[in-house]
Amino acid sequence: MKHLLTLSELSLEEIALLLDEAEAFAKGKQWQPNKQVFVANLFFEPSTRTKCSFEVAERKLGLQPIPFDADMSSVQKGETLYDTIRTLESIGVQAVVIRHSMEQYFDSLRNGVNISIINAGDGCGHHPTQSLLDLMTIRQEFATFKGLTVAIVGDIRHSRVARSNAEVLTRLGANVLFSSPDEWKDETNRFGTYVDLDTAVKEADVMMLLRIQHERHGEQMGLTKEQYHETYGLTVEREKRMKRHSIILHPAPVNRDVEIAGSLVECERSRIFKQMENGVYVRMAVLKRAIESVEGGMMNGYYFKKWQMA
Amino acid sequence: MKHLLTLSELSLEEIALLLDEAEAFAKGKQWQPNKQVFVANLFFEPSTRTKCSFEVAERKLGLQPIPFDADMSSVQKGETLYDTIRTLESIGVQAVVIRHSMEQYFDSLRNGVNISIINAGDGCGHHPTQSLLDLMTIRQEFATFKGLTVAIVGDIRHSRVARSNAEVLTRLGANVLFSSPDEWKDETNRFGTYVDLDTAVKEADVMMLLRIQHERHGEQMGLTKEQYHETYGLTVEREKRMKRHSIILHPAPVNRDVEIAGSLVECERSRIFKQMENGVYVRMAVLKRAIESVEGGMMNGYYFKKWQMA
Amino acid sequence: MKHLLTLSELSLEEIALLLDEAEAFAKGKQWQPNKQVFVANLFFEPSTRTKCSFEVAERKLGLQPIPFDADMSSVQKGETLYDTIRTLESIGVQAVVIRHSMEQYFDSLRNGVNISIINAGDGCGHHPTQSLLDLMTIRQEFATFKGLTVAIVGDIRHSRVARSNAEVLTRLGANVLFSSPDEWKDETNRFGTYVDLDTAVKEADVMMLLRIQHERHGEQMGLTKEQYHETYGLTVEREKRMKRHSIILHPAPVNRDVEIAGSLVECERSRIFKQMENGVYVRMAVLKRAIESVEGGMMNGYYFKKWQMA
């Protein structure tokens, strides 16, 4: 099997392959395994868009997602994640998509199971398919990452998006800026340079806004939503000072009028809904990779192609 | 796209078309889009029959419903309904079925999204597919609506069924009677005449019973279930005084021995389970209309038929 | 329709037929109805493996499971189970799989509905597909049941597995031993002989461990987990004293280091994950039986074969 746990584990060649595959799907490429393949989506934390996006991607590939309700499941009865996944493996599931609140939940699984694990978010850790869709959206715009300035703005410390993206963007040759209230700076993340928000606004080719994970956070700083927006958010006024061709990204769900003015969510330079669209295609690419690795493979030195290309 | 939000927005011609289509599906008509179509069922309030009925209708049309768990979703994180639906649109969903506790929730959506919205109940507002299945069931029995006497009995004020049905039945030429405890009369609904229950029983061709929405209501009147049933319910004794050919409808779920005697639920004149069966067919018709409007359409004056008829 | 409510209702011939069919599915047999068939899985109690196992089995047969969320459903509104099932029947569902906390919930249903009910667990009552998968796993190992010694160990009183298995294994000619703390002995179950754990370990061909249903139980005995494991669990040390060819079964989910040492869960004589794999095949056999009974049947003395065999 071939897990996708963090982007840091992938070479730039592997990342480029996934992005090329995703782009092919966006242009209408069809691919389906030639037999019935079962997958399961294990979301132990709430999510609309990531879960629905995987569900669409799976059906576009003709895969059969098995409903798994984390609330109703045996996990309530104290079953370990390992035993849950071995169970799914035993009943014929070939890949699992997991979101879990525990950082690095996959460390105990990666070598023990014969099933592909796709990480859809581990606590404040990683979210590789979100990073891939961000990369795909940026590449569609600028064709390259080299020399681009990408500003990541907001709650850097608690964001798996910031963690995954800063590392991979730096590897790809981009220049990463961070902008954040002091409380949310992340000294352990060495892949960006902290600047003030107005510098980020002026210099960025890509303004990557982060969601405020917990509305309480702002309040803990003693700020109202309005004050937060004025001080740390992308206001209508700041947007006017962005470079002509720069774009706005946001992993969503958006807190309108907090990290971004409501009227900017669908403005001309926003790619927020384009990101979601691209999310389906990168997930198709990731799922194809996970399933091919189970089904295909080398036998006696020959590659037995078990899958049809349409 | 073509929403279905309330029946009041549809002409009698449009309603007749939907009923004819539903009848064709009941008789075995097959229809499927010729490519993969994704839909999502967003039920923010509990429902067995409406949700399951849509799920069956969707699969009969070969559509692919994307699971959406309102409890686990980003709506918990404060996302607006608009952003949730734009997200679903971005990932390729073509129609959404929505039940929501807020009356007229769709007002803020109807012009902003490029996706068909099918209203499956908005607070105490409307429930158009329930009305359509009631109409279908009545038409199967009497072939016409003109001159029929339809009594709507129970909690008129809090019922979206009463609201939707009284208006459309009046437009179709039926004579609508209301019968209700004083506490539940709805002075804003001008499409019916209040009569006492025994008059309704005697005169109605169609006895349309409403569900007591909140069991507490009866208690607030100071009545036990038995007293409520005796005073305002369809008892075994009252059923005997109904016209020979009159029928009983109920939107279900039924409170047995409250609004209707348990032994009458499946009596000869009850069409309660027939209504449920018809519900699948009207929903197939409504879904077909919603999807054709997205996919088909006029181009350069020609109608490009993108769908196959089987 | 053909229900599957308890194994006690099946003859040994019927059981053998189901096991043969399951074995055929395990060996790759394909079978699908030749038209669209809807089923629903009604789980009113938590379950990962049983529900997921049915979901996989249904999809392997090409059936269409209709999502049914017991939490969100009308059951919350006080609807009876009978009315819920009649509703599903009305919208076209042909078989329902039910897990419910009430023992014998099916007594009020079995003659009133025209839909096949498959019992997936009724309170402390029965769990026939679990028994069938246990039988299948034992038969794969020993080819027969006659003369085998099967020890059922743990919370006999609250276990539907113990109840179902002891009866059917006795009928099949096996010798059943029970081993249990005094508090969990079940005097109403006359199909086994109580022995102490070390006798069971020494004599059993099949060690069938039961899950401690409620972690509290152990505490009520005034034992820590470690003490429970040492006194009543299959420890590493006890496993060494088992017969050379004896095997370990457990219905799962496992409480590691309580009823069984964590390191034994995947030991050589454990068939725990094999049981789960077999579960899919017995459920395919049970579903096929339920659906054939609805669709096929005798007409005018002729059997009209409506199903294709692949």
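Observations
Read from first to last, the chains carry the letters A, B and C; within each, the first residue is number 1.
Convention: a contact is a pair of C-beta atoms (placed from the backbone, for glycine too) under 8 Å apart; a residue touches a chain by one contact, two chains touch by 3 or more.
As the structure is a computational prediction, the values presented were derived from the model and not from experiment.
Taken together, subunit B and subunit C share the touching chains A. Although subunit A and subunit C carry the same sequence, what matters here is overlap: shared residue numbers make up under half of all numbers found at their interface.
Averaged Cα coordinates give subunit A a centre that lies 39 Å from the centre of subunit C. Taken residue by residue, subunit C touches two or more other chains at 67, 69, 71, whereas all remaining positions touch fewer.
Across the complex, subunit A meets subunit B through its residues 43, 46-49, 51-53, 55-56, 59-60, 65, 67, 69-71, 215, 252-256, 265, 273-274, 276-277, 279-280. Within the complex, the subunit B residues that touch subunit A are 36, 38, 40, 64, 66-69, 71-80, 83-84, 86-93.
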